């Protein structure tokens, strides 16, 4: 009989990874929109790196738990995770809300339970119950895209370029910001540019983007000089169509975000550039803000500075293989980065406190 | 002459093109036990379904105690005092005794059960039947078949029953239970209840019934007082012709041994069985239900495990074999449980017949439906099975014809050794004779036949040799003419 | 009579049964609790696992499947199955939000508008159930097929009514009861509605004629019909009740998710059927109790909770549930055969 018990214990050992027990000072739960996307893995690595830095530099022990819905569209599960973690002793929560409005209630409940929430990646409609919003400035990213595209077109001597804005989808907050930034940037830098099309939507996948891009390119192939596609799937879908029509490199395409095929297209010159987000920094800074808040610091200057941008990086053929670019998504290069940390003052009683 | 309890006039009922009832006239008197006899398919069940409200007649009228009676469902019939006990027990196995007895008759206040009142009613009904030992709160699943039947009868007693229909009530009962049932029927009769008693056993009818009516082809062809009409005459009425011989014999002689069992024992039953079966021999195994006869056949056929002893087929000892191997050795089994095991009732006649040997009809695994049908049709003709066409579902046939289909499969399989378990169970008199003739023909053709039967006259009538099983132990076989019925019963009960 | 029968082997009084094993669901519950207590105890998270807060979470998350489970229990006992519940829950959230938003914008008062919307939502659930019942009885469709059809229709309607998006509350017009229902707490009215409904369903099953007939229909439909039970009416009632319960679960989901969302409740039907079967109900009908169904939901909730909170690999959740389901049904079969 004792032997049976022994085997049982041996069998259980794989599950009993950290036998240390929760003696950490803070438990930070990172709740992404989904688990599988590479983007979220970078966020997780950033958060864990921040925890390691905090322990090394200040001796603040932070445990990072990465817990999100298995499926990106499982709206109920994200709410469940927040409630579950708040009830079982999380110190703080980093949340990438799946929906800007429906997620407000659980954030409010977390705040009521005294658990600070840092919103990451996408906005939340209710600004009163979280402590910081750490995300890419998509509008700014759109402007960067406009600057680069206009610059490249002018290099080719096209002073009055004819442009296509290949939109992503109706009601998608982040890409709409990018599109707006791009439009505003073009208007400011090159008011004489001509818009051939601004009302076509790529849809959610590379396939749908190809279906939409096909007729568009066919219609304007003799006129178009430059195209902006505001995310990964719309950009790659557009490039696929241009390649099939033999228009690649003749028409300049500006993209947003990265993927293997997209980076390869930049290297081959089929895409003139893309704006990359910095999810590693997003994970790092949001964890940092959350812990600073827990340590009694005023991370939002009395609720006047709610937003913190994680930066947007222009990637072109010149820097696509540079260490700084690789540091945006490659785990090895991420580990070598040094992230500059913002400093905050102590919270003053009656000021900067929540509620 | 008292006025009748029930009068049926010109009852007709058709299912599609087949007319089940063709103008039945029937009169039942108060306080009589009236036997309804007839071959399977004669229309007895349909007639009783009409009586108990489960089916609506196409034409005709019924009168109950002088007033028009036309129930629109079983519930309505029960309210009028007409209840029926079905041959296939109508029981909800997951419910308690109480819930089963009360089903459809629960007393309630605003939809809520009045459990106290109801339990009393159930107890009284069970006591009235002399079965106080059945506890109302026990699940029916735990009861024996006999006790389940008591539950059903108790259900009938819960209403003020004036007319009770019992359809083959003893088929699942032991002899003792059957006798208790007869007592009960007599008691009900004494209380003025009219009982309709459906049975294949003329002996039972003689024991319990006052009058009888014979049904044939959907019509009442004769009735009379029990005891005043000889058996032969009743059988003649049932089959519509004189049955020349009840147990026809075809001359046959025994040849060499084909199946030898030596001290065979199974998991529980049988415990020790030895016999030698020869070509052209019909060997009967007598014994009481549960003595291990069915288990013996199943062990030989490879359906149940063999624990000790040996099975020798065609001089090859191969004690533990699977049914597939046994079929390969030329052994065929006719199951006792035709409905559950013997036949696939929802499959066609041709599929059922050819299932055990499809190879003659397949080329590279592809079946030829045409040849398969032809073969089936020829067997069906040969066995005189009443059917429409070979693609018809087996379930549509009467019991006797179903059994012939099961035989047809054995013939198609071309088995040398036939293990027949209760070959005439649920089979009408006319078909029985045909089956006996068939068994005789098979023996004459050199087949070896092992027959298990609970019906002693049958074994004595058709077998060459008989062995008796008692508590799992088989006596040596003796020629049939050296046994008397009394000796067999004594051997079977260990007396 | 010359036929041979044994002297007397039957109809003896049913002997007092040996003290029966603890019922399957209890065994399962104890096993899962023990397993996780051990696993989590080794890692040192026991205080969290067995905390009041976590108990609140467990109960909170179990409310919806338990309410749906009560309806599924009725359906399974009657010998049917309902695959449409997940889709109906989603449809109810969407309809409720649509009705509420329209009333609020056209009319005004938050409380009245939301209560009317709740009424409509529950009624939609009941209507789906009624349709299921009529398809099963009037059209004689097998329940599997009828409710599979309803599953598709309800999911499609939900997506269409929501115009393929998630519907949120109009700004600043979230009714107060929504927050109350969504709060993880013992005082949650959703939880108390579950307690009340469980008692009602238990009473229905064991104290009323309808309950008796539901068991009878599931146990042996032919017998029930012969005994004068109105089988079609019983079935229609069962599916309608299940629909109404699902409708109420949809309202709770509406509050929990703070939205009308056509993608909610995916695979809820499978979770609930699994839970109720683990709780001792049989797909063959005639069996099942409220206590078992609630325990089944609790077991599933416990597994998900333990797996989620203590970083046991997620795939363990599915494996455990599968093993438990098979073990439970096998155990029931074994106990039955032993009798």
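As written, the chain order gives the labels A, B and C, with residue 1 at the start of each chain.
Everything that follows uses one rule, which is that contacts are C-beta pairs under 8 Å (C-beta built on N, C-alpha and C of every residue); 3 or more make two chains touch, one makes a residue touch a chain.
Computed from a predicted model, the values in this text were never measured in an experiment.
Of all chains, the one whose Cα centroid sits at the greatest distance from that of chain B is A. Here C is the chain whose Cα centre lies closest to the centre of all protein Cα atoms.
In whole angstrom, the spacing between the mean C-alpha positions of chain A and chain B is 77. The distance from the centre of chain B to the centre of chain C, with each centre set as the mean of the Cα atoms, comes to 44 Å. Chain centres here are Cα averages; for chain A and chain C they lie 39 Å apart.
Across the complex, chain C is touched by residues 54, 73-76, 78, 84, 86, 90-95, 99, 102-106, 108, 111-113, 115, 131, 133-135, 138, 141-147, 150, 155, 173-178, 201, 203-204, 207, 286-291, 454-457, 485, 489, 492-493 of chain B.
If you check the complex, the residues on chain A that touch chain C are 12, 15-22, 65, 67, 70, 73-76, 79-81, 83-84, 86-89, 99, 101-106, 108-109, 125, 171.
Of all the residues in chain C, the ones that touch chain A in their complex are 38-39, 42-45, 48, 51, 53-54, 56-57, 60-61, 165-166, 168-169, 171, 174, 178-179, 182-184, 253, 256-259, 261, 263-264, 266, 305, 308-309, 311-312, 314, 316.
Interface residues of chain C facing chain B in the complex, by the touch rule stated above, are 1-14, 17, 207-213, 215-216, 218-220, 222-229, 285-287, 336, 339.
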